[in-house]
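Take a look at this one; I'll ask things after.
Labels run A, B, C and D following the written order; every chain starts at residue 1.
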Amino acid sequence: MLRDKNLVCVGDFERYGESILPKNALDYYRSGAGDEFTLALNRDAFRRLRIRPRIMRDVSCRDQSTTVLGTKVAMPIGIAPTAMQRMAHPDGECGNARAVGAMGGVFILSTLSTSSIEEVGAAAPNTVKWFQLYIYNDRDVTRKLVKRAEQTNFRALVLTVDAPVFGIRIADIRNKFTLPPHLSLANFEGIKATGVKSESDSGINEYVKKLFDQSVTWDDVRWLKSITQLPLILKGILTADDAAIAAGLGVAAILVSNHGARQVDFTPASIEVLPEIVKAVNGQCEVYLDGGIRQGTDVFKALALGAKMVFMGRPALWGLACGGEDGVKSILSIIKNELDSVMGLTGCATLEDIKKEMVVHESHYSHL
Amino acid sequence: MLRDKNLVCVGDFERYGESILPKNALDYYRSGAGDEFTLALNRDAFRRLRIRPRIMRDVSCRDQSTTVLGTKVAMPIGIAPTAMQRMAHPDGECGNARAVGAMGGVFILSTLSTSSIEEVGAAAPNTVKWFQLYIYNDRDVTRKLVKRAEQTNFRALVLTVDAPVFGIRIADIRNKFTLPPHLSLANFEGIKATGVKSESDSGINEYVKKLFDQSVTWDDVRWLKSITQLPLILKGILTADDAAIAAGLGVAAILVSNHGARQVDFTPASIEVLPEIVKAVNGQCEVYLDGGIRQGTDVFKALALGAKMVFMGRPALWGLACGGEDGVKSILSIIKNELDSVMGLTGCATLEDIKKEMVVHESHYSHL
Amino acid sequence: MLRDKNLVCVGDFERYGESILPKNALDYYRSGAGDEFTLALNRDAFRRLRIRPRIMRDVSCRDQSTTVLGTKVAMPIGIAPTAMQRMAHPDGECGNARAVGAMGGVFILSTLSTSSIEEVGAAAPNTVKWFQLYIYNDRDVTRKLVKRAEQTNFRALVLTVDAPVFGIRIADIRNKFTLPPHLSLANFEGIKATGVKSESDSGINEYVKKLFDQSVTWDDVRWLKSITQLPLILKGILTADDAAIAAGLGVAAILVSNHGARQVDFTPASIEVLPEIVKAVNGQCEVYLDGGIRQGTDVFKALALGAKMVFMGRPALWGLACGGEDGVKSILSIIKNELDSVMGLTGCATLEDIKKEMVVHESHYSHL
Amino acid sequence: MLRDKNLVCVGDFERYGESILPKNALDYYRSGAGDEFTLALNRDAFRRLRIRPRIMRDVSCRDQSTTVLGTKVAMPIGIAPTAMQRMAHPDGECGNARAVGAMGGVFILSTLSTSSIEEVGAAAPNTVKWFQLYIYNDRDVTRKLVKRAEQTNFRALVLTVDAPVFGIRIADIRNKFTLPPHLSLANFEGIKATGVKSESDSGINEYVKKLFDQSVTWDDVRWLKSITQLPLILKGILTADDAAIAAGLGVAAILVSNHGARQVDFTPASIEVLPEIVKAVNGQCEVYLDGGIRQGTDVFKALALGAKMVFMGRPALWGLACGGEDGVKSILSIIKNELDSVMGLTGCATLEDIKKEMVVHESHYSHL
């Protein structure tokens, strides 16, 4: 069926997915904060980077495998945590987790998932899974999520640090975004499970405002480290200063991200800040990136600039919308294949061969 | 009624307001000088600034209050002086003054208002009000306006220094702009009240050419200071040199402005010159900004670059057009709420937390 | 009649003029070389320059008068030489010369005019007139033109140095551009008068290729100086190096120009090279500019960057097309009035007050 | 017939050619890798370069002749190797070779041609011909091609070094690109001749993947030099580093190229990297360029920046499509004539007069 549609690049999945999703879900998935300047910038910033291929190197055996947090993965590409994936397709988080596992990548499950930690654990036992955390006013909520993730064999915790409140997304306000009644936030019960609804605003924003803790500080990072053995990743850092603090506190990794441009409009693109963050952490922890990854060249650029792994948010949702688990698998194969092509054509047989000097900003070429 | 229209951002008010205003008024409100290059630039220049959010700071109690000229205000946002507001809605200047007062901001009344100083004073006794001055050929006219403003409890004078003549606004010339006959310039009598009409050109330009003094110099600033105890603000400075002169003369504040791009086309955007002016005055007086403020991120950027307060001109007119006083209140709540969101998401609990290094020009990211 | 059309800026004349001109003439007037990149750039380059207004200066008496080559003129604006003006309107060169004379500017008559030196001299005896020269293979032709210009009271010679051949203008080739049969090149007889026709290419290009001397060098400048007492202006210099040579040879002035972008595409805009040329001649001779002047702010920018005078080519043709001599006068009044407005709003009572630091490139504002 | 169509610039041929080619061929010819960012950039990068004309130089005798690898050619323009030219027109490679020979340029025959080395040799005996090589897994294949080229009087070998695999061209994948059955890769027999077909992907990519050697290194350059006396040109170098290696190995020339933007998207434009490569080889070998050459100004810019010769790929295909051999000849005359015009208008009588300082990047003009 997917083959029939002749979907051959991620853009094809985006267009087709957007044509079939219901408006409430589509807008929630698609939109960014405010004017969506940074939403566009997340893509444009990649277009401003040039790739400098090297030639005459033996690229007959190309290998995308690497390790993250000590775990071997078959490709440097994972799926970022996005809330409420079953609005896209019944396969939802379980399908996503299975698909990326099959391709040898990493799956990050959102706190606000429509399938529970345990459901996903059971559906995709062999996938490398990490759990994304929000900190609720009631710390016990968070503590319990951590324990359940540990027990279900998730291998790391991803604390999202850019979301004390949720950004203003115009389309969701216009739609008075509400989680469809047949779905719930599956990790919870009661109001925490069904409270994403609104008659006057964005239901998700009201939910967050009511339940998330807006007073979290670096102390909470220390607290979190104290209650678990899982490695801790901070997701949503955009400045060298914060990266240095995080590295100093001994986090395992930083996931450079502007939350898919959904929080504050006019933040830099994540790829724009990657270099300063890589420099700031200076090897003390691993660095990953999400935001605007749509094709092999994007992955190549992020790796060249120092990311060890990249994650995609929306593309996995389009994959689900177009074909459930199979759709996600198609998208991942496309990108993996594109990365393989770029590697072959730039003289890189392994990820280590992708060097910083192979990617330059377009301004590099503005002087003769 | 406003709720029905689902107007959720300033752009919505702009679009709806422009759809219902009569052409004569719409063009007068909307237009800028010449090709309207700077009119667009006033917006675009904001889009070229990036916001760098800090994380893990306690933002559970956010506070937008500040002081201007020693007076406490609930938010750093006011309404800029715009002429002839009753063309937009019968509520006019009175409605505007009440609305911004209710939100805890500042109202600046134009000399060329369609409600008088006294009417506005009576309608909005508790609003922090400033009076904007033009200098007429007949100095007595100006002197009397100053006295009336003092007596009506206005707290400062805003001398507009960028308007010895009025700029060439093509649409007004095409329309032969004329103040509708049921309105008059309410601070005056006779020709000074009813003289905004033309059969061959822009009526307001002819009015200004006839009655305003084109020979004003820095001496007139000294003169004005000598006839009043009210603090004096200069509105319309665009260079560090003039800012330094003004600060040296002991003005209370500078309102950085290009008059909404209505005077000379191709001036820089006001946000572009803000940094050099803040640097030039070096704390000797307060600095404010108007021009292109349309959303919370704009306010944030201006504050980060050193403005203590920002003002909006056209948005208040759209607010009036869409819903009179209520419309203005809606717009102000939207922006205040947006600023609250940006503050929460950048780690700023108070306005003091908004630091210069949190805003950078996009060119900051053009080198890897 | 012109008033009826409500033509209030040069763009209005352009649009209306282009709607009524026959295609053959329209394309000849409008077009530039090649892709017309530089044609657009001549305008765009002005848009990249910002004006920095100074305030609180007495601008009650504004004066645009200046001197060129020792002659007093009422405004720093003249009409550039353009060929075959009677295609636009029967008033042609004579109407143009009268119109600009009435406004106190300078008229430059093209060698390739459709009214003769003597006709123009008789029609506009009081206008300051200069004569533009091309050097024909037959030097006697040029020598005779010089003598006739001297005898008819033209005050300077303008040698066009950027046209050993004519540029490739696609539209003229498609049209096989031919001078309408009721017109001729009025300064000549025989083939030199009627030879602008073609059945396979651009008629004007074939004319030039056949008759102009492609071997002219700086020696010909010396020769020209030796045969006349008239001051010599070189039109078409685009580099500091050539400007220095010209100044060294004692020319009276340089007219910075890329021939209205009609010769080589991708040359810089004339306003782009003005600063380096002003610097190179270092006061040894006067410097003027043409290319893309369409409004008062353009004139202001060119003067700020060191031009003593500016010239317009196409606008005079649109003026003619829209209303003959009256149309040209309207256009000139519009621009003069616009310049007056800019001067008033930037604190400049005289042309001397327009300082270099009042104009900056937009990149000036790309760092905070 | 061509005259009827009034095709007067390369863009005309492109538009007309694209209107008549069948989709399968059109897409194969037209498309670039990925998003086709670099495809557009190959053109845009030329638009960012300005030409600085010099004046008053004797340009009455203009001469485009030069030498390449010691051979005299009448113009610095050749035809780049493109595969399968007979899809455009039955004249195919033979017509192309004849046309460029007639104009005095150079023809490079692709390995993947639809006419054989011998056919082209016989059809265009007097044309300066070079042979482009791909290295097959089976080295004997390559060795035989070299021998045949030598025997057929080809004067140089052009080893394409940017194609261990072929880039991902979306349109070809959608079309499942297949060589039309009446054509074959004429230099081969069996599967190597007819294997460009696919039912699931791009047929040419599958062909290349199967048959080309992905393990070639600089050693293979040494090997190639060891098996032939013909001068060796490396085609597809984009960095100074690789250029220096190549020059060090004693290649005769480097053809700077990104393969018409068909391999990795987001590589720099070839004209962007030309200066660094010219600098790196420092005269040790000749440097040529292809990619985006469409008009005389492009040739001028490439020569100014140090290329001794330029090549065009797609334009020759459009020429073929529009009129076979004659169409190609028309295109070449147009460009030659355009170059002649630029030379005349910049004071360059010979190619040696085209100096580096005559071309600058637009950023040269962004400071006053």
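Going forward, contacts are C-beta pairs under 8 Å (C-beta built on N, C-alpha and C of every residue); 3 or more make two chains touch, one makes a residue touch a chain.
Protein identities per chain, from UniProt: A, B, C, D = (S)-2-hydroxy-acid oxidase.
Everything numeric here is computed off the predicted structure, so don't read it as measured data.
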{"item": "Shared chain contacts [chain A and chain D, defined touch]", "value": "none"}
{"item": "Chain whose mean Cα position lies farthest from chain D", "value": "B"}
{"item": "Chain D against chain C, contact positions shared by both copies (same if over half, else different)", "value": "different"}
{"item": "Inter-centroid spacing, chain D versus chain B (mean Cα positions, whole Å)", "value": "59"}
{"item": "Cα-centroid distance, chain A relative to chain B, in whole angstrom", "value": "42"}
{"item": "Multi-partner residues of chain D (at least 2 other chains)", "value": "none"}
{"item": "Topology of the chain contact graph, where touching chains are joined (line, ring, star, complete, other)", "value": "ring"}
{"item": "Pairwise chain contacts under the document criterion", "value": "A-B, A-D, B-C, C-D"}
{"item": "Complex contacts: residues of chain B adjacent to chain C", "value": "34-35, 37, 45, 48, 161-165, 167-168, 170, 173-174, 213-218, 220-221, 236-239, 241-242, 245, 263-269, 272-273, 275, 305, 356, 359-361, 363"}
{"item": "Interfacial residue positions of chain C with respect to chain B in the complex", "value": "6, 8-9, 47, 49-60, 295-297, 301, 337-338, 341-342, 344-346, 365-368"}
